[in-house]
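In structure tokens below, several structures.
Heads up, the next two complexes both have chain A, just with different partners, chain B and then chain C.
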Partner chain A sequence: MKKKSIFTLCACLAVCLALLWLLQALLMPKYMGSVKEGALIGEYYDNAGNNDVVFIGDCEVYENFSPITMWEEYGITSIIRGSPQQLIWQSYYLMEETFQYETPKVMVFNVLSMKYDTPQSTGDQTQREAYNRMTLDGMRWSGSKWNSIQASMTEEEKQWQGQWSYLFPLLRYHDRWSQLTGEDFQYLFKKDQVSDNGYLMQTGVKPFEDEHIQPPLVDYTFGENSYYYLDKMVELCKQHGTQLVLIKAPSLYPVWWDEWDQQMVEYAEKHGLLYVNLLEKQEEIGIDWSQDTYDAGLHLNVYGAEKLASYFGKILVEECGVADHRGDAEISTVWAEKVKTYYQRKEALQAQS
Partner chain B sequence: MKRLIAFFGILCMVVGFAACSTPQTTDIKGTTPNVGNPGDPNAYYFNYKGTDIRLNGDMEVVLNALGEPKNYTEETSCAFEGLDKTYTYDSFVIQTYPKGEKDYVYAFWFLDDLVKTPEGVKIGDTQAAVEAAYGAEGYNGRNAYILKKDTYSMTIIQNDGAVSSIQYTITIG
Partner chain C sequence: MQITSFGFLLFAAVLLVAYYLIPKKGQWILLLAASYCFYLWAGIEYLGFILLTTVSTYAATMAMAANQEKQAKYLAENKQTLSREERKAYKAKGKRVNRVYLIACLVLNFGILAVCKALLIEPFKAAASAGTFSFLSLGLPLGISFYMFQSMGYAVDVYRQTCAAEKNPLKLALFVSFFPQLIQGPISKFGQLAPQLYSPKKFDGKQLSFGLQRMLWGYFKKLVIADRIAAAVITLRGPEHTGVSFFILTVFYAVQIYGDFTGGIDVTVGLAQALGIKLPENFIRPYFSKNIAEYWRRWHISLGEWMKDYIFYPISVSQPMLKLSKAARKNLGAFGKRLPVYVASIATWFVTGIWHGLTPNFVLWGMLNCFFIVLSEECSGLYEKFHGRFHLKEKKWYGGFEIARMFILMNLIRIVDLFPNVGDYFSRIGSLFTKFNFHVLWDGTMMKLGLTALDYIILAGGIVLMFTISLIQEKKGSIRELLWQKNPVVRYALIFALLVIVLLMGNYGVGYNASAFIYNAF
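Moving on, here comes the complex of A and B:
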């Protein structure tokens, strides 16, 4: 009788947990429709391992570099771990987590996020929390994820002990039940890959026409917290024998001030890092702002991303010694499939636009 | 045993639906900045040719009074809906945020000495002129006066002893 009770208790517990898991899976946003950016971080795990180059950063990496082009032209195996408005501490912990899966030859970090010293400094906290979710919810469970959550929470989230809602996302999304769509059921168990090794393709064209003017700042000095995490990146890459390369992508806005650039130039010199401000290389890259952007200069479209990948791939080969793997049959087979998917996606998106 | 099953059932419901200490969320995909209090009469403003241009003010009213700007740009944000707009006139720039069907003033700043604050300060003025108008309380000890009122801020930046920039913005966060 006692045995039967224990069995029933365990069965009840298992059923409850399964129901809660199912409910959570249903209520969490799928990011398969209009806001695909939220799915990017989670896609890494299916493509992890054997990447010589890993890009980490905000939209300026996942919108601007095509890994497929770098493979086709240089045989470089690369992947992007990008998410919208990814903050530097999130980049650091993603970098730390990446080393659990692979040890790339080069880590490329986009430095725009140096301008945000704290979660509060990004502005609207409701939107900040939503951006946090797009980076953190997609990460698999690890110490890196937990530390990233602690570093990322807004003041409001801290007040209501928000870390538990990252551990149990059902606490965050419980009231989405009234907003469920067909997408939530369709992608309940299996999601589509929305990116090509982390690159989110756009084929539209919206030309850059006028300069995006911004008022001058009171203080251009990057914050202590930003430097703290940049120092940690330098140290982490050194520990793993990986070359850290700093870049500023050629997006025309938000403004990248000369004073900011100078600080990065000096930091790179001090630490013996390669820093490439690609805004200064626009002509060499061949970016045509009337054709190569889909949102008037904030991001490149696929035509611009292919040009940038072609230019930057050469730097990776010549200055970082990244190898050409096109002669490796096993790797080539894997990448042939990725290339095929890329061109199918490109064709489909071109047909839509 | 029935009690046990009931307990777990209630537990599911409690965890799943009654966790209301978390913020009430709309669909995360539709999140737009939660910035303003449109039409707030206490917000910072300046006057140009008889028209008050005020933080949180209706941009349509400004456009109707001042006409089209000499330059206009739109900025999207990564992943989110909504469009921030920038209107550049000869002597000042206005940025807006969208709320509902309308655009409201989010920030403005001066470009030359042909416009001045309601207290009479303009680009090129001395530190003494700024302190005469606003006092010394907001001085950061280096290069700027930063004044705050409710969720608004006004920043006056100095360069080589003279005002080089005057900016007003809604403080969000």
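Moving on, here comes the complex of A and C:
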């Protein structure tokens, strides 16, 4: 009798846990529709393990560089670990996690996030929390993810001991039941790849017209916390024998101040790093701001991203010695599939726009 | 640490596992450690308050016990030689000494409570937060009222020799700080709670299951109902709410406060039950009361009992009151008999009022309650005559009428909590009799209270469920016992369904401005 009761209890518990898991999967945002950015971090794991170059950073990497172009032109295997408003500590922990899956020759970090020193440095709390989610929810469970959560939580999240809602996302998305759409059911068990090795393609064209005037800052010095994580990145890459390359992507705004640039130049010199401010190379890259941006200069579209990849690929080959893998049959087969998907996506998006 | 937080649930889960895994002798020590961890979580700056109460209570009760022991020994040794008068005089002297210990303890502790409460209101609040006394602006230490009432009740009981003094200071520290009831009670008596805290507990699956079920039900009431309807209650003080909309909001406030208070108590009592400790019930379906005296026998029972035992009773038997009683009987006839009781009631309700808050509205709240209790008592003869003639009590609908009447009356008294300016309160109450703006029901006003149509649907469903459960409890007793008789699969399915409702429809987490339990503020 007692055995039967215990069996019933265990069976019921198992069923309940399974139902809760299913419920959680249903309620979590799928990021397959208009906000595809939230799916990028999770897509890395299907493409990890064999990349010579890993890009880490915010939208200035995942919308500005096309890994497929770098493959086609230079045989470079690369991937982007990007997410919207990715903060420097998140980039650091993504970098740390990346080394659990692969040891790339070059790690490319976009330095725009140096300007954010603390989790609440800009934007309202709700917005920041949504960005945190898009970076952190997609990560697989590891010490890096846990540390990234601790470093990223907004005040409101801390108040609610939000770390538990990262562990059990049902606690965060519990009220989405009234907003479920067909997408939530369609992608319950399997999601589509929305990116091409982390690159989120945009084919629209919205020319740059007016310069965005931003008022000067009182203090241009990057915060201590930003430098703390940048130092950690340098150390981490050194430990793994990976070359760290700092870049500033050629987005026209938010403004990249000369004073900020100077700090990065000095930092790179001090640590023997390669720093490339691609804003200064616009002409060499050949960016045409009337054709190569989909949002008036904030990000590049696919045409701009291909030009930038073509330019930056050359730097990776010439200055970092990244190898050409086009002669490797096994790698070529994998990449041929990626190239095919890329052009299919491009064609489909062009047809839409 | 809020008991609706994820951290609290984890804390409780770890404690429960450890509690039943460690040797039974160490269980009470684990509870003490857990209670202090819980307290420290609220802020290390509050630690001094609970330690001071514990140490002063221990010192006073030990001194009283030692004095009582010495006295008993002396009397036993000199039984033959002392005359009756001498024995009486010796006892009286001993009692006077103990009274000094007790009063010192009460003055120290209630003095601290009074200062803490005073610092919450202007102008003391502003004075405390400025200048050299800024350290005083800590806010109200967690659970200070509840652990202080419990401790002082114990000290009085030792003085009255209705319970023995606890010799082990750590055991007393556990009685004072037992964490589930720190937030909002119930206020337990030493004789009822302490033996349970210290005795070893065997794992009992049924008690654990019942405790967890009760916690879940408490979370339902707090998160799904109270915190959801709170958005509308916040608007109640707005000048636009008069007449019908004000009346509706008083009903909303009744729902919120019921869900909040009883939800919190369910979590507290449920966790204690899971630990094998039975705490006294604090609310027994008070909205089913038919008169105000019954209401106060069902609402915040442990506070009412405490006030009765330690305020009402001592006042009633005090020398001035006995003199008043004698004089009143002589001069005022039947009313004179009741007058001392009414005077003691006024004093008790005054204390209850100022405990809730040192502002005029809380004093008024206490006095209104007292007024209606006295009025009800004074009119009892008239009621009896009325019912003797019309036999309404025998009719079924009359019971419902009495319940509705009491519900509305208590709503109108309770709402004074929210009006620090009592003039505003009376003006709103007046609007109930002068403004008949029924159009608020269909002109969109109800959709401007901070609740969406979905909120109303969830609230309606939640209230119906809460009412149905209360009705079943009133008629058939414990729901959990009824469920226990059912097929386990049905039982687990119902519990799981409730869990899913709480998870999906609860107001918690980022994006919600859920409130802390209202009684935290006392």
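Everything below uses one rule, namely that the second predicted complex is superposed on the first by the 353 of 353 C-alpha atoms of A that agree within 3 Å, B and C clash if a C-alpha of one lies under 4 Å from a C-alpha of the other, contacts with A are read in each partner's own complex, and residues count from 1 in each chain.
As a working rule, a residue touches a chain if its C-beta (ideal position, glycine included) is under 8 Å from a C-beta of that chain, and two chains touch if they have at least 3 such contacts.
Just so it is clear, the structure is predicted and the values come from calculations on it, not from any experiment.
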>> By the touch definition at the top of the document, which applies to A:Q352: first (chain B), second (chain C), both, or neither?
In response: neither
> Among the partners chain B and chain C, which is in contact with a greater number of residues of chain A?
Replying inline: B
> Which of the two partners, first being chain B and second being chain C, lies in contact with A:P29: first, second, both, or neither?
Replying inline: first
> Is A:C59 contacted by the first partner chain B, the second partner chain C, both or neither?
Replying inline: first
> In the superposed arrangement, which partner chain does A:Q239 touch: chain B (first), chain C (second), both, or neither?
Replying inline: neither
> For A:T333, is the partner it touches chain B (first), chain C (second), both, or none of the two (neither)?
Replying inline: neither
>> Which partner chains sit in contact with A:A296 here, chain B, chain C, both or neither? Use first/second/both/neither.
In response: first
>> Under the contact rule defined above, give the chain A residues that sit at the interface with chain B and also at the interface with chain C.
In response: 5, 8-9, 12, 16, 19-20, 23, 126, 129, 156, 160-162, 165, 170-172, 174-175
>> Touching residues of chain A toward chain C in the complex: what are they?
In response: 5, 8-9, 12, 16, 19-20, 23, 126, 129, 154, 156-157, 160-162, 164-165, 170-172, 174-175, 177-178
> If you look only at chain A, which of its residues touch chain B in the complex?
Replying inline: 5, 8-9, 12-13, 15-16, 19-20, 23, 29, 31, 33-35, 37-38, 58-59, 84-85, 120, 123-127, 129-131, 133-134, 156, 160-162, 165, 168, 170-176, 179, 209-213, 215-216, 218-219, 253, 295-296, 298
> In their complex, what parts of chain B are in touch with chain A?
Replying inline: 1, 4-5, 8-9, 11-12, 15-17, 19, 21-29, 31-35, 71-80, 86, 88, 93, 107, 109, 140, 142-144, 146, 155, 157, 164-165, 167, 172-173
> Of all residues in chain C, which touch chain A in the complex?
Replying inline: 5-7, 10, 454, 488-489, 492-493, 496, 499-500, 503-506, 508-511
